[in-house]
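The two complexes that follow have subunit A in common; it is paired with subunit B in the first and with subunit C in the second.
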Partner chain A sequence: MTAQMFFIGFFGLAGVWFGIVVFRTYSMVRSALALLFSQTALGAMFLSMQAEFLGVLQIMMMATEMSIMAIFMVMFMMDPGGLGEMDMTHQKRLSLGVGITAFVSAVAVAVFVDWGPLATTAPDAVQQTADLGLELLGRSMLIFETAGVTILTAMIAATAVAIQPVKKASCHES
Partner chain B sequence: MTTVLILLLLAIGAYFVAVLEAWVSKGRFQLAAPLFAAIALLGRESILPRKPDRLFFEVGPVLLLLSALLAAAVIPLTPNLIITDLATGALFINAAMVYVLVALLMAGWGPDGAYGMIGGWRFLGQLIAYAMLIVMPLTAVAMRAESLVTTQIVVSQAGLWNIIYQPLGFVLFFIASMALAFLPPFDMMIAKGELAGGVEAEYTGMRLAVFRLGRLVLIITLASAIVIFYLGGWQGSGLPPWAWSAVKILLVTAGMLLAGRFMPRIREAHLLYWCWILGIPLALANIFIVGILVLEFP
Partner chain C sequence: MSPELIIALISGAALFGVGIYGALSQTNLVMIMMGIELILAGAMVNLVAFWRYLHPDVAAGQMFVLIIMTVMAIEMAVGFAVAIARFRAIGSVEMEEATELKG
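Now for the complex of A and B:
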């Protein structure tokens, strides 16, 4: 139990640290990969909490997503390499305030909500995977399908907005 | 003990891959050539480029090796010769392999050179092409085994190997594995004739040796994955299980290396087109067919 607590704490702190690194670097690629390792640390926290499927899934999904984010940041930011040490942050007071409020409320929720009786033992990993599958195809199906379709719609909309309209060359031009 | 043994086997396997690759590409079978090449690389100066992103530059090759090794941890060579039999084995292989992309991005970005960087981004384009063709055939494999545990997947093929049960999935997974291991014809990111070596361009000496070792281990790990997912793993009659594993892995590796020899290189944009227009519908059809087969003839 103590080893488990240690690793949860360790990966939690690692996640927070990489999250800070995201804003402490000028390089966009470093920033994106720091976010990746922050998320990987969260995956490792899942693993420490014996939620094997969720942990492996988190570690897998984030690698692709953050890498794709890295190329978008390189494409659209003015100083992707960070060699010019250009400051990319803005509205610092507002974001600090929002960040601290969110942090305090998250901690308050974690501490003050009655979570019910604590589970003393987790089911074994094979059973967890099966349970998760049944859950996703049962009670939670509607929520997940809604989320999935929403994300797909957002992606198609974002692509449609990003593509430049192609003007058909008329015979008068050229 | 198992870990040490598997690491040793991986090292031997990587050596054989190097011999095979030279045999296939240069037409000469030289058993000692990789040894001399390694000594030459280790003896050469390891040049640090000007203004590198030092962290990425150093971590890239190591991460490549590490992700291939992690994936190998859940691959059973015999019923008992496996480092850890995770409940999410098939997913774990996939998760470890995604970090090949992260490693190549780091190695490409790190040295602050145009060729390396473009090579790294090219691999990102390639990942978007092949990724679904890794995951979807694996889904069909897991559906038949009713488990993600790799040993269970092998046992599920006792009656009939998956290569016969779901040949479409095998072909897709095989092609996607070649793209993942950036073997020819999918080697636009490190090919000598393209971008002067691409991701490898700025690496020399020790760091290049680690990068190349990582790639060899990656190839052998992927060949082992194909064997356990589609070729019945250690199963077979007449030979002991470890021998069957070894023979099959070597044959698959030779197949992967040979298959690319007679094809022109495919640009990642074209690969993307074909994978999404043809590959993903085929992979979906494969899941559908296997679903019906599992219900009718388990």
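Now for the complex of A and C:
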């Protein structure tokens, strides 16, 4: 067993474990933190697979996003601490069946498909980042710019939906 | 066959399955979004594994992962905006209570 294989397996298992904890705990804040740890484990998994830029980006972005999610948990959930042990689920058996079917199907594809010759080495981090930059601003420029405009649209839409309308005072009131 | 690739793909499949379970079983909008986050994370793991072990010299694989990260951020932003609006309207983000459009 190589070191890379060990770390990919370890962080993959950690990511899956914390992903399961998200839906097992009654505390909503712990759910958000469990998702944070899951995403961080995946970032470490990316680093193990020599995708340094993506790994660092994943850890940075997900740490921020999940922290914000924890705040929303406290804002919107009836029992953020989980002391009441409320069960906010439905159609559990169906969901479990669909989840297991999806997992088994994906594993079957992964194991039985012939993926062809596998690469043993990857470019170093500096070369990868340079190649990614050239890809984003070269061949994938249209996709990159479309994504940027989409983000801007989503930000404006989210702000418009979330902003509380201010009631204008009528002439009689003033 | 590289065991590293298979391990990564199995991890991605497990995340996908857990995410689907969460998205289908939870009644709260925020928890459903957490399930969707796990589904997208599973897809990202697979993409990175395919990039690393099949085409490490092609940067488009990493670019695809960046696009998925963008989608995750957009989905969270819009989803939480909808959650805020919903909470202001009726004081709850439980999806079982969202029956206004039901025929």
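Please note the rule applied: the second predicted complex is superposed on the first by the 146 of 174 C-alpha atoms of A that agree within 3 Å, B and C clash if a C-alpha of one lies under 4 Å from a C-alpha of the other, contacts with A are read in each partner's own complex, and residues count from 1 in each chain.
Keep in mind that, in the parts below, contacts are C-beta pairs under 8 Å (C-beta built on N, C-alpha and C of every residue); 3 or more make two chains touch, one makes a residue touch a chain.
It should be emphasised that the depicted structure is a prediction, and the values quoted were computed from it without experimental measurement.
Participant: Label the relationship between subunit B and subunit C on subunit A in the superposed model as either fit or clash.
Facilitator: fit
Participant: Which partner does A:V149 contact after superposing on A: first (subunit B), second (subunit C), both, neither?
Facilitator: neither
Participant: Report for A:L118: first if it touches subunit B alone, second if subunit C alone, otherwise both or neither.
Facilitator: second
Participant: Tell me which partner A:F53 touches in the superposition: subunit B (first), subunit C (second), both or neither.
Facilitator: both
Participant: A:Q128 in the overlay: touching subunit B, subunit C, both, or neither? Say first, second, both or neither.
Facilitator: After superposition on chain A, A:Q128 lies in contact with both partners, subunit B and subunit C.
Participant: When the two structures are overlaid on chain A, which partner does A:M141 contact: first (subunit B), second (subunit C), both, or neither?
Facilitator: neither
Participant: Who does A:L33 touch here: subunit B (first), subunit C (second), both, or neither?
Facilitator: First partner only, subunit B.
Participant: When the two structures are overlaid on chain A, which partner does A:S67 contact: first (subunit B), second (subunit C), both, or neither?
Facilitator: first
Participant: Is A:T159 touching anything from subunit B or subunit C once the two structures are fitted on A? First, second, both or neither.
Facilitator: second
Participant: If you tally the residues of subunit A touched by each partner, is the higher count for subunit B or for subunit C?
Facilitator: C
Participant: Just the number, please: smallest Cα separation between subunit B and subunit C in the overlaid arrangement, in Å.
Facilitator: Minimum C-alpha separation, subunit B to subunit C: 14 Å.
Participant: Considering each complex separately, which residues of subunit A are in contact with subunit B in the first and with subunit C in the second?
Facilitator: Residues common to the subunit A contacts of subunit C and of subunit B are 53, 57, 68, 128, listed in rising order.
Participant: List the residues on subunit C that touch subunit A in their complex, please.
Facilitator: So the residues of subunit C in touch with subunit A come to 1-22, 24-31, 33-35, 37-38, 41, 44-45, 48-49, 51-57, 59-60, 62-63, 65-67, 69-70, 72-74, 76-78, 80-85, 87-88, 92-94, 96.
Participant: Can you name the residues of subunit A that touch subunit C in the complex?
Facilitator: So the residues of subunit A touching subunit C come out as 2, 4-5, 8-9, 12-13, 15-16, 19-20, 22-23, 28, 31-32, 35, 38-39, 42, 45-46, 49-51, 53-54, 57-58, 61, 65, 68-69, 72-73, 75-78, 88-92, 94-96, 98-100, 102-103, 106-107, 110-111, 115-116, 118-119, 121-123, 128, 131-132, 134-136, 139-140, 143-144, 147, 150-151, 154-155, 157-159, 161-162, 164.
Participant: Using the touch definition up top, name the residues of subunit A that touch subunit B in the complex.
Facilitator: For this pair, the touching residues of subunit A are 27, 29-30, 33, 36, 52-53, 56-57, 59-60, 63-64, 67-68, 70-71, 81, 83, 124-126, 128-129.
Participant: Hey, which residues of subunit B end up touching subunit A in the complex?
Facilitator: 51, 53, 55-56, 86-88, 91-92, 94-95, 98-99, 101-102, 105-106, 109, 112, 121, 124, 127-128, 131, 147-149
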